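This report concerns only the one structure given below.
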Amino acid sequence: MTDEAEHSLLILARQADGSVEELPAGRIDEIDQLIDRPGTLVWVSSVAPEEAEIEAFGREFRLHPLALEDLRKRQQRPKIDTYDQQHMIVAHEAVADAPDGLSEIHIFVGAGWLLSVTWTPTPMCDAVRRGFAGHQNNGTDTTGELLYALLDAAVDSYFPVLDGISERLDALEDRVLEGEADREGLAEILRLKRRLLELRRVLAPMRDVANALLRRDLEIVDASTVPYYQDLYDHLVRVLDQVDIYRDLLAAVLDARLTVASNSLNAIMKRLTAFTVVLMVPTLIAGIYGMNFDYMPELRWPFGYPLALAVMLVAVLISVTFFRRKGWF
Amino acid sequence: MTDEAEHSLLILARQADGSVEELPAGRIDEIDQLIDRPGTLVWVSSVAPEEAEIEAFGREFRLHPLALEDLRKRQQRPKIDTYDQQHMIVAHEAVADAPDGLSEIHIFVGAGWLLSVTWTPTPMCDAVRRGFAGHQNNGTDTTGELLYALLDAAVDSYFPVLDGISERLDALEDRVLEGEADREGLAEILRLKRRLLELRRVLAPMRDVANALLRRDLEIVDASTVPYYQDLYDHLVRVLDQVDIYRDLLAAVLDARLTVASNSLNAIMKRLTAFTVVLMVPTLIAGIYGMNFDYMPELRWPFGYPLALAVMLVAVLISVTFFRRKGWF
Amino acid sequence: MTDEAEHSLLILARQADGSVEELPAGRIDEIDQLIDRPGTLVWVSSVAPEEAEIEAFGREFRLHPLALEDLRKRQQRPKIDTYDQQHMIVAHEAVADAPDGLSEIHIFVGAGWLLSVTWTPTPMCDAVRRGFAGHQNNGTDTTGELLYALLDAAVDSYFPVLDGISERLDALEDRVLEGEADREGLAEILRLKRRLLELRRVLAPMRDVANALLRRDLEIVDASTVPYYQDLYDHLVRVLDQVDIYRDLLAAVLDARLTVASNSLNAIMKRLTAFTVVLMVPTLIAGIYGMNFDYMPELRWPFGYPLALAVMLVAVLISVTFFRRKGWF
Amino acid sequence: MTDEAEHSLLILARQADGSVEELPAGRIDEIDQLIDRPGTLVWVSSVAPEEAEIEAFGREFRLHPLALEDLRKRQQRPKIDTYDQQHMIVAHEAVADAPDGLSEIHIFVGAGWLLSVTWTPTPMCDAVRRGFAGHQNNGTDTTGELLYALLDAAVDSYFPVLDGISERLDALEDRVLEGEADREGLAEILRLKRRLLELRRVLAPMRDVANALLRRDLEIVDASTVPYYQDLYDHLVRVLDQVDIYRDLLAAVLDARLTVASNSLNAIMKRLTAFTVVLMVPTLIAGIYGMNFDYMPELRWPFGYPLALAVMLVAVLISVTFFRRKGWF
Amino acid sequence: MTDEAEHSLLILARQADGSVEELPAGRIDEIDQLIDRPGTLVWVSSVAPEEAEIEAFGREFRLHPLALEDLRKRQQRPKIDTYDQQHMIVAHEAVADAPDGLSEIHIFVGAGWLLSVTWTPTPMCDAVRRGFAGHQNNGTDTTGELLYALLDAAVDSYFPVLDGISERLDALEDRVLEGEADREGLAEILRLKRRLLELRRVLAPMRDVANALLRRDLEIVDASTVPYYQDLYDHLVRVLDQVDIYRDLLAAVLDARLTVASNSLNAIMKRLTAFTVVLMVPTLIAGIYGMNFDYMPELRWPFGYPLALAVMLVAVLISVTFFRRKGWF
C-alpha cells in the first residue's frame, strides 16, 4: 500500500508536573513499568515496526492477538475495536508520498498510555509530538486529549486534498466546455473517480469512529473532551459532504462530455454535408458541359467557357451562403 | 467565501418593560454586566468582527475555545454545538451579493443573551433588528423567540432563490425542446447543478438543526415556542423537497438534450443522404453522355442535349420528391 | 397555484339525534356557541375564504397564529401540526381544473368540530357533505370519522389520475417502439416527469400524515377508527408504489428512445453508404470511357456503348443485391 | 386485472381426529355453527365469489366492512390488516394464465377458521387442499400451519417465473453481444422491465407480511410455527434479491445495447469512408485523362489506356490494403 | 450450482485433554453417544452427503425438518436460523472450481457439536480440519471458536477473488483508454458485472450473519470470542466496501467506453470529411478541363496539362494542410 518508511521508535512519558522523559528505543521492555507509574501519560510512537518490536508491544501493553495480527497485516479500514480495558483505533491520514495518497495509522489506547503506529512518516504525528513535548495543559494532558490531537491532525490532512480535487474538477469542466474531449481528459476523470471512491472508503468509517467516540463509548472521553470529538465529527461530516458533491460534479462533467462530443459530431456532419453540396454542384455542371452531344449550342458560344465558370462560381457562392446562414459552415 | 463586509457591532439590551438600550461598540467590556442584569435580553449583532472583538466575545460570553476557533475559521456547515450552558448554531442565509450566494451566520445563545455574527450585511438580521427595537410582545421576547426570528428570516431568504432556479430551469427546458443545444446551455446546466448541490449541502443540515431544536434539545425552546420551530422545520423540508425536484428535472433536461442532439444528427444525416443521391444521379447521367464511344446514337440526335438535360431534371425531381415524402429533406 | 374559486361558506351542526342544522354564513360569529353545545358535531366548510372570514375562524376556533398564516399563504406541503387541543392537517386532492392538477386542503380538527378550507371547489368535499347531511351512523359521526371521510375522498381522487398517466405511458412506449422520435414525444416525457415528481411531492408526506394518524398521535382517532386509517394508509402506499413504477418506466422509455434514435442513425448511415457505392461505381465506369486516349479499342466497337451501359447496370444490380442481402437498403 | 375464473366454493371442516367433512355450497349459512364446534378447523375456499356469497362471508365470519370492500374491489397490495380477533392477509401468486402473471389471494384468519378467496383457479390452493383432505399431522393442523401452507405455495410459484426471466435475460445478452440491435429486442427489454417492476411491487410487501407474521404479531403463529415463517421470509428475501439482480443486469444489457449500436455505427462510418476513398481515387484519375488539353502526351501513347487502367487498379488495391490494415473494411 | 464433488464423511471428537478420535463413516449412528459424552467437542464434516446420510444427520443431531429440507435443496442465501437449542448457518466460500465461483456451506451448531456440510471440497474446511486435529488451545476449543475458524476461512477466500477482479478492471480500463472498444471488452464488462452482483448477493447477508453472531444472539459466542466475530464482521465490511467500489468503477469504465466510442466516431467523420474535400476538389478541376467548349484557351496552351495537374496538386496540398492543422487527418 505505501512505501515502507524507515523504522523508528519513540517512547515518551509525561509526569503529572508536565516534565517529559524520553526512553531510548533499546529499553522497550521497561514500558510496562512506565505505565504502572501513577500520574504518568506514556506515548509510544512507532514508525514501520519490525516483528520483534510488534511482539514487544504485545507483551508490554498486553495487546490482543487479533490486534497484533492487524498490526502485521495492515490494510484495515478505519474502526474501533474494544478488547477488555483497551481500544484499538484505525484511521487514515492523507499523505502526498503514499502511492494511493493514504497512510494507515493504528492507535492503541489504555489507561494512561497510548501507542501509535504508522508506516510512513506522517506530518501529523510529528506536529502532535512537538506539542506533547512542550509544557503542561497544552491539550494533550490525558489519553483522550492526545487521541483527539492525533485524529484531528489526521482529519485536517484531508482539506488540502479536497482543494486539489476542486481545482482539478474546475480545470476539467473548463476543458469540457471548451470542447476539448481528448483521451487525457477521460483518463483524468477516471483517476478522480478512483480518488474520490478511495477517500469515501476511508472517510465514511472514520466518521463512524468519531461518532462512536463522541457518544462516549470509550471511558477515555470525558465530558470536557466531548466538544472536541463533536468538532472532529463535524469536520469529518464536512469533508464527506464535499467528497459527495465532487462525485456528483464529476458525474455531471462526464455527462457534459458526452453531450459536447455529440454536439461536435453534429457540427462535423453539417460541415460534411455543406462541403459535399458545395463541391458537387459545380462538378455536375462541369459534367454537363463535358457531354459529347453534337448539338450543344453553348459549346459554340465564344463566351461559353467563362460563362460556365461563372455559373459554377455562382452555384458555389449561393450554396456557401445558404449553409453559412444555417450556421453549417 | 464571501466578500468581506464592513465591520460593525451593535449591542442591544431590552428590559422587561420593553425599553431597548443600545451600548456603544466601545463599551464591549460591559456586556457581562448587562447579561447579569435580571429580566434583560441582550442581543449583540456583529458583522465581520476583528480579532480583538472575537476575543472580547470569548471573554464576555465565556465562549468555548472551539467555538472561537470556528468564528475565526468560518466555512462551517450548519450545526448545533452545545457547550455547558450555551449553544452555538451555524446557519446559512441566501444572499445575492456573496460569490456562492450563501452567507454564513454564527449564533451563540445563552441564558438571557444571544450573539449573532455574520460576514456580509444580511437583510435578515436588519429586519429582525428593526423588530427587536420595537415594542414588547413582538415575537422576540425570549432568546428562543429571537433565535426563531433570525432562523425564520434565514429560511425565508431561500424562497426567491428557488423561484429564480425554477425560471432558469423552464428557460433551459424551452431551449432544449426548441433544439438549441449550444455550449452556453450546457454551461448553464453545470452552473445550476453546482448551485443545487450547494443549496442541498447547507439546507439538509439546517433541517437537522431545526429538528433538533424542535425536539427541545435546548432548554431555550419552551412549549409555546415549539409550534414556531415546527413551522421552521416544515419550511426547510419544503425547500429541500423543491431542491430535489429541481435536481431531478435538471437531470431530465440533460437527458433530453442528448436525445435532441441525437435526433438532430439523424435529421442532418438524412439530408446528407438525400443531397448525395439527388446530385449524384444527374452527375452519373452527364458522365454517361461524356463517354467517347464512336457509336452513341443519342449524341447525334438533334434534341439529344435538351433530352439529356430533361432526364437529369426528371431524375432530380423524382429523387427530391422521394426524399421529401420520407421527410428527409 | 390554482385558479381562485368563488368564495363560499357552509356551517353545519349535527345533533346527537342525527338532525343537521345549517347556519347562514352571516352568523359566523355564533360558531363558538355551536361548538360548546354538547353532543354536537360542527363542520365548517369554506371555499376561498376572504381575510375577514379567516380572522373570524381564528377567533371562533381559537386557531394558532401560525395556522392562520398558513391559511393566508397556502403552498404548504401535507403535514399535521398540533397546537394544544387542536390539529391542523394539510392534504392535497387531485383536481382536473387546477393548473398543476392539485388542490390544497387545510383541515382543522378540535373536540367536536372540524373546519375544512379549500380554494377550488373539490368534488371530494361535495360528496362528503352530501353524506354528512344525511342520516345518522353514516360514517361521519365523530370528528375522527369525518376527517377520514374527507381524506379518503382526497386519496381516491388520485386513482383516475394514475390511470391517465398509465395510458399516456403506454402511448409513449408504443410511439417509441414504432421509431417515432419527434420533439412532441420528448416534451410529453418531460411533462410526465414533472407530473410524477409533483405527485410524489404531495403523496409521500400524505402517507406520513396517514401513518401519524394511524399510530393514534391524535386523540380523535379511537380504536374503532384505526382500521379506516389503516386503509387510508394502505391506499396511499399503493398510489406511491404506482407513482414509483411509472417513474421507472418513464426512465426506461427515455432510454429506449435514445437507443431507437441510435438504431435509426445506423440504418440511415447504412443507406447512405449503399447509395454512395451504388452510384459511384457506374460513375467511375462512365469516367473511364470518357477518357481521351487515342487507343481505346472498346470505343471503336459497334456495341461498345450498349456494353458499357450493360456493365454499369450489372454493377448497380450487384451492389444493390449485395447491400440488400446485408439489409442495408 | 385477471380473467374471471368460474365461480366455485368449497367448505371443509376437519375434526380433531383428522376426519374431514365437506359442506355443500348451498349450506353456506351453517358456517358459523361449524366454527363454534370446538376442536374443528374450518377452511372455506372460494373462487371468484359473487356478491351474495361475499355478503354471506361477512355475516358468517363477522368480517369488517373494510375487508368486505377490499374483497369487492380487489387490486390490493400484499398486506396484513388486523380487525379485533381476525386478520386479513393479501398475497399474490404467480400464475401463467393471468394477463399480468399475478393472481391476488385474500385470506381471512380467525380462531379455528380460515377463509381464502382467489379469482383465478391457482395451482397453489389446489395442492394445499389435497393435503388438507388427507390424514392428520400433515402440516395443516392449525390455522397457523394452514396459512403457512398457502403462503409457502404462493411463494414457491415465483421460482419458475424467475427461471424464465433468467433465460430471457441470457438470450437478450447473447443477442446484444452478437450485435443484433433490432426493435424486437428493445420491446423485450421494456417487457422484462415492466415484469420485474410488477414482481417487485408485490414481493416487497409480501416480505413485510412474512416478517410481521414471523415476529408473532398474530396470536395464530406459535413458537413451533415460527421456523416455518422464518423459512417463508428467507424465501421471499431470496426471490427479491434475485429480482434486484435481474434489474441490475437488465440495465447493464440496455447500456451494452447502446454501446453496441455506437460501435456498429463506427464500423459503418469506417466502411463508408473506405468506400468513398477507394472509389473516388480512380474516378479522379479517369477525370484527369478525360481532360481535353491539346498536349497530353499520355493520350497518344499506344499503351496509355491500359496503363491508366493499371494505375487505377493499383490505386484501388493500395487504398483497399490500407483500409484493410486499419480494419476499416 | 456446483459440480458434484465426491462424497466423503469425517467424524471427529476431541476430548477435554486435546486428544482427537476419528470415527469411521460407517459408525455414523454412534454420533449421538459421542455428543452426550461430557467435555467432548464433536465435529462432523460431510462433503456431498447422500440421502441416507442426511437422514442420519437428522436423527443423530435432531435437526429440524426445515433444516433438512434446506440441506436437500441447497441454493440458500447466507442466514442463521435458530431451532430450539441449535442453529443453522449458511455461508458461501469463493472457490475456483465452481461454475459461479461460489460454494455453499451449511453449518449446524449445538451444545458440544458442529456439523458442516459442503458440496465441493473447499480448501477452507481442509485447513481448519488440519488445525483441529492438532493440539489443544489452537483456537478451535469450543463450538464458538470452531465456527469462527470455519467462517473466517470462508471470508478469507474472497480476498484473492477481489484481487483478480481488480486486475481485470485495470486491464479493462487500460483497453478502453487505448480506444479498443471491441465486443470482447463488452462481454468482459457484463461478466464482471454479473460476478460483482453475485458476490454482493452472498456477502451482504454474510455480513448480517456476522453481525448477528457478534451481538451474541447465540449462546455459543461468549465474551472472549466476541473480538473474533468483531474481526470477522470487519473483514466482511471491508470486502463489501471493495465490491461496491469495483461496481462504481465498472460503471465508470462503461461510461468511458461510450465516450471513447463517441470520440472515435468524431475522428472518423472528420477524416471522411477531409478525404471527401481533398479528393473532390481535383475531381472538379479535371471535370472543368473535360468540358467541350470550343473556346477554352487553356486547352491550347502547351503547358496547359502540366499546369492543370499542378493546380490539382496545389489544391490537394492546401486542403490536406488545412485539415491537418485542424487535426482532422
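Letters A, B, C, D and E mark the chains as written, and numbering starts fresh at 1 in each.
Here, a contact is a pair of C-beta atoms (placed from the backbone, for glycine too) under 8 Å apart; a residue touches a chain by one contact, two chains touch by 3 or more.
Source: prediction; values computed, not measured.
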Legend entry - Rotation angle (°) superposing Cα atoms of subunit C on subunit E, nearest 5: 145
Legend entry - subunit A-subunit D separation of Cα centroids, rounded to whole Å: 42
Inset, instruction - Would you mind pulling out the distance in Å between where the CA atoms of subunit C average out and where those of subunit D do? - result: 26
Legend entry - Contacts with two or more other chains, residues of subunit C listed in rising order: 258, 262, 265, 269, 272, 276, 280, 283, 287, 290-292, 296
Inset, instruction - Assign the assembly's chain-to-chain touch graph to one of these shapes: line, ring, star, complete, other. - result: ring
Inset, instruction - Would you mind giving the ring's chain order, read from subunit A onward, with subunit E coming straight after? - result: A, E, D, C, B
Legend entry - Of all residues in subunit A, those that touch subunit B in their complex: 173, 177, 179, 227-228, 230-231, 234, 237-238, 241, 245, 248-249, 252-253, 255-256, 258-260, 262-263, 265-266, 269-270, 272-273, 276-277, 280-281, 283-284, 287-288, 290-296
Inset, instruction - Would you tell me which residues of subunit D are touching subunit C in their complex? - result: 64, 66, 76-77, 79, 81, 83, 181-183, 186-187, 189-190, 193-194, 197-198, 201, 205, 254, 257-258, 261-262, 264-265, 268-269, 271-272, 275-276, 279-280, 282-283, 286-287, 289-292, 296, 298-305, 308-309, 312
